[in-house]
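One structure, as structure tokens, below. Some questions next.
In order of appearance the chains are A, B, C, D and E, and numbering begins at 1 in each one.
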Amino acid sequence: MKYRALVTLAVVLACVLALELACALGWVARTVIIPPSEMVGSLSDILWSGEFNRAILLTLTNVMISVVISIAAGFVLGVAIHASDFLRRAVEPYLASYYAVPTFIFYPVFIVLFGVNSAAIIAIAVLLSIVAMITATMNGLDRIPTVLLRTARIMRLSPVKTALMIQLPAAAPYFFTGARLSVAYSFIGVIASEFILSGDGLGYAIAYAYNNFENRQMYGLMLLIVIAVTLVNMTLDRLDRRLQSRLRR
Amino acid sequence: MTVVAMASRDAPKAAAEPPAASLKGVTRHYRFPGGGKTLHALGPIDLDLRQGEFFSVVGPSGCGKSTLLDVLAGLSPPSDGTASFEGKPIAGVPDGIGVVFQEDASFPWLTVEANVAFGLKRAGIGQAEIDRRVDYAVGFMGLRDFRQSYPAQLSGGMRQRVCIARTLVLQPRLILLDEPFGALDQQTRLIMGDELLRLWRETKATVLLITHSLDEAAMLADRVGVMSARPGLFIDIIETGWPSDRDSRIVADPRFGEMTGRIWEKLRAETMKHMQTQGAGPR
Amino acid sequence: MTVVAMASRDAPKAAAEPPAASLKGVTRHYRFPGGGKTLHALGPIDLDLRQGEFFSVVGPSGCGKSTLLDVLAGLSPPSDGTASFEGKPIAGVPDGIGVVFQEDASFPWLTVEANVAFGLKRAGIGQAEIDRRVDYAVGFMGLRDFRQSYPAQLSGGMRQRVCIARTLVLQPRLILLDEPFGALDQQTRLIMGDELLRLWRETKATVLLITHSLDEAAMLADRVGVMSARPGLFIDIIETGWPSDRDSRIVADPRFGEMTGRIWEKLRAETMKHMQTQGAGPR
Amino acid sequence: MPSKTLPGEALRNVVPPIVLALVLILCWQGLHLATASGAISSPAATLARLVVLMGSGRFWLDVVETGTAFAWALVLSIVLGIGLGVVLALLRPVGEVMEPILVTFYSLPKVTLYPLVLLIFGLGMPAKVAFGIMHGLVPITLLTRNAITQLKPVYLRTAKVMRLSAFEVVRSVVLPAIIPELVAGIRIGFSLSLLGVLIGEMFASKRGLGFTAVNAMGLGDLDTIMAIGVFLALFAVLANGGLLSLERAIRHRSAGR
Amino acid sequence: VEISITQWGASLYGAPVAVAIEQGDFKKAGIDVTGVIGSGGGGTSVRNILASDVPYGEVATAAALAAARQGLPIVLIHSGTRTVAEASLVTMPNSEIKSLEDLVGKKVAITSPKSTSEMVFLMELAAKGIDASKIQRIASGGYTQGLTMLEQGAVSAAVLIEPLSILRKDRYRTVIAAKGLLPAMTTSVGITTRDFAKAKPEQLKALIAGRRMGVQAIYRAPEAASDMVAKQFNMDPGLAKVAMLNMIEPQMWSEGAFSMAELNRIGEGLKLVGEISALPDWGALIDRSFLPADLKADQ
């Protein structure tokens, strides 16, 4: 387990080194990609100067709000859809094809609804991430072994107690998987919207740097996002695995 | 005071005494979703479970054994006829009944200890009493070293013992077991059977055991009910006449072979009949 | 010409004849990934399988029965000692060996017919010959009405019969069966046992059957090998002395009870020993 | 074996989604009425716009442009994804090392990498296809690998006992065994590579639905935006519905217990 | 060949090219322009050009300067458009804002920081002598987003640009238009790479000549030209006509000759938004060798 993680790390490092070398030898043009060492330098400049602190904070806040909304609403919707056979049959065909439609193009609609501020961005991110939570919630509830519900009946638990003491913990690992995906999609939603649509946040900062040929800054910011997402993802992944292993029978 | 002492009531009664549970003309039909067709799964069944007896049920797969257990546990109402427990008609799950299901029903998010204590906590019993009962049951089921383990860390047989312990601590007066050792190999089953007998002797509860294993049925029970293929009916109910301090060593007894032979004779025709129709099974 | 006729060779031989397969001082260690520790799973085993005999193996769970089968099938090499089949050392899977595994190995994406024909197609046998052999095997296994069905539409027992048929059509001279009826209830197992006996009598192949069921071992085999807890060793090999035209009715024979009693006696201590260590099992 | 679907059963599957669609359209109309000066186009106006669009040759040029990029992206995602998935599954250690990298890549906001893609591939079709593949390839690879690693070992042991060659094992056991998972993977890859292509078009392109949508956004032309949205949604739902029922049919047939 | 024009189809920068394609002027000049790649503008256009087989295109001057500053190997080979007349500032019809002065202490929506919209707004303020620090500029992300903010009352006025402002002219009232207020300045330029300039001077000359014919055709027959633009841009003909006619008077399209005065004006504007700190060294950036002889001189 540990060993494998080390090998993975080594592979990543080897790729980075190869890129560094390719840049140093001039195999790739500096206008295309800058050496990783410079990306790191740029990143540390960005962090030290505090120039982007506001953008970073804004983006993180938006991601967090989106995560909270999509997890909470996704859970409630998932439970509701699970409870009704009709709703379920109604929703399933759409869930399957949901991601094919680029939510971004409805941005003008959202700014009409929510105004030109973070709310519209958050709405897009929520739209993107809530589906993962709904699906995971339904999946989790589906997979509660019926024998556990029968056991609850034998113990004469009330429906509320059954929900809290049996259904919730039994499906919790699946809920967590959904929550984890929601976090990933919230990141994607917020940063992509900023990149494409807004005049603010980290996504915009990258787009701006790109437009103004500030490759150094652009790659510094990209590195920041890659590192942040990787860290968050790895942490949640580890928790996720731990939870899932409990279910393994 | 131990669980045993608390649970113990009078010794097994003669047939004249009121039965622990009783089924009269019970049938069960399943309705298929959509179509109006129904499946006649069980009955009509007439059966009295005597106070404190060990009754086992064998029958071909799909003959309605689990359905019978559902009716007794109050999990599903009979389509026809009446079911009663301790003289009162069964509507909903009655108090005093414990069930161990065929599938592993241990809660994977709780430790062994917490699993066993789960029902007691719900019943609002004091902590000291809970501790005592859990302690006893965990020890009795040979799980003492695994109190803090989670089910995922146990073998299938140990998880099934957790479920038995969880049922046991509630001191049910009627214990229903649906093929509880299905996941185990035969040798381990026989040993678990010994533990079950010991348990039964100590608690004096009435036990109904559903099993696929003829040895198990013949070795453990006071009476063995042999069911026909679906719709399940009792085609024979055999009194074993074993002493109550029996254990798995009686498999070596020649009378034991005779007994299984007799049950097998009854079942053979039924199973053959059943196998010809089992192609496109319901699951 | 039927499968039977093609597969039939001379009648079972005396022990003096060269053995069908033979193990000499075979052991098997598993290496844990990462650490340098190894697990001694099996042996040392010395065993000669006589030409045409029906040999069954019982032993506590995890004692190395499947490991033994793997060595015989050439799926994994012994750590020590030598294994040979028909006089030649086993390296890789030898020709002429058929295996039926414990788990359901029918291919769910193929019909019954296509499943049975699978191995034949790969072996490059002509279509007419394939049709004939499949036809025979499907009929023999009682699957004629389900030729076009997919495994999902069959019961567990029927799927296992598909696997047996798929092995059978390749006309192996040594058939290895690893708990082939594990998924079935005991009644169905006994009936499947009858079919297995019929098959063995007709093909005259050498059969090694691993089973958890003492009845099955005692009823089917010419010799029963009883294994110890891990590392598995043969603690006893019992000659049953049954006639070759036996069937499941011998379970009613008093000598049968005696036989199972004797095996059970041997196994009881082993199983008890094993249960104490089975907590955090490898799977 | 496709089970005979009773008319009642078919209705039960078709009616609810349609009812939901109608409810959504009603909500949409409600929003239209509620927002000042109809800032959100009404369903009727959107439909009218869609009809006009579909009557214009230009629109179909866009569709063909997007469709071509999408087809390339999808085919390459599927072929490369399955190939890579098989390799990563069969070379177990390599797969285990690569998996976390792929998972992380999957959860990256890939638009941030768009500048890099443009810088490498230049503009137009190759960049769009590359962007589609960046979205679609990884899920297919991961699902394929997962399906193979979770394949029951007994299938491979059976193949071994029958003395099949490695190629034969992949061809006649591994691939048929994972077909249901493959279809599921393709379904997700389908959605994501379409998304990738459209996002790609939104940046730099002269044609394509993504470009037209972004153009309409610049002009604040909500009718067109909604019309394109509806068109894409219809396409996605229908195509996915087809794949979904294919997947169900396969799973139904081969649901190994 | 394919060339790149910033804001193709969305704004009139590309009108000469559209007309030239329609009339076959490029073929006459000896080059076959088969397609035009549009883009959102700014750096994307420059990158698009760098990534093309025929690296030629017309981009915003600011983008060209930014690219050159970052060391990208580009040269300016002709001037493109020379006005910001299409820009305006609008408010709601019932608003109290009547002039730029009324905006002091209020909020105004621009598209994004350092954008052309901000530059034009600041230049307008400078022309009127208003202290820019007294008006809060809000980045909305785009023109339509700005309008939405305006309608929702989040800002008191919003920048706008043609043809959008023509489409929406009934819904908003113009506070001030750049047309007539701000002088001519070089807003877009034709660029290529230094390598291509060495390798294929003939193609560049042909491109410039073709485009010049398009410009001349526009001024000769504006209405006919607008129909051609509408066709190429996939734009409503009526809208194209109004937009094109609006730009005849400020002489939006240059035939290609550079004007130091107009270049320096845009330089000052960029200084105003903080995009650059000193006027660029135009001499090092411009290569006049592809211009026809009569346009080589500074105008």
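Heads up, the rule we're going with is that contacts are C-beta pairs under 8 Å (C-beta built on N, C-alpha and C of every residue); 3 or more make two chains touch, one makes a residue touch a chain.
For reference, the UniProt names are A, D = Nitrate ABC transporter permease; B, C = Nitrate/sulfonate/bicarbonate ABC transporter ATP-binding protein.
Since the structure is predicted, the reported quantities are computational estimates derived from the model, not experimental observations.
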* Listed by label, which chains are in contact with chain A and with chain E? -> D
* Could you tell me which two chains share the largest number of C-beta contact pairs? => A-D
* Computed distance of Cα centres, chain D from chain C, in Å -> 47
* Centre to centre, by mean C-alpha position, how many angstrom separate chain B and chain D? -> 50
* Whole-Å gap between the CA centroids of chain B and chain C -> 33
* To do: Averaging only over C-alpha atoms, locate the centres of chain C and chain E and give their separation in whole Å.
  => 83
* For chain C, what residues touch not just one other chain but two or more? -> 149, 153
* Asked: Which parts of chain A, given as residue numbers and ranges, touch two or more other chains?
  -> 31, 108, 112, 210
* Mark out which residues of chain E touch at least two other chains, giving numbers and ranges. => 44, 47, 142, 144, 148
* Asked: Which residues of chain D touch chain E in their complex?
  -> 36-37, 39, 58, 115, 118-119, 121-124, 203-206, 211, 214-215, 217-220
* Asked: For the complex, which residues does chain C have touching chain B?
  -> 58, 60-61, 145-146, 149, 153-155, 157-158, 185-188, 190-191, 212-215, 248, 251-254, 256-258, 260-262, 264-265, 267-268, 271-272, 275, 278-281
* To do: Can you check the complex and tell me which residues of chain B touch chain A?
  => 73, 75, 93, 95, 97-99, 101-105, 107-110, 118-119, 122, 150-152, 159, 170
* Residue ranges of chain D touching chain C (in the complex, touch as defined) -> 1, 152, 154-155, 157-158, 160-164, 168, 172-173, 176-177, 179, 252-257
* Can you name the residues of chain A that touch chain E in the complex? -> 31, 108, 111-112, 115-117, 197-200, 204, 208, 210-215
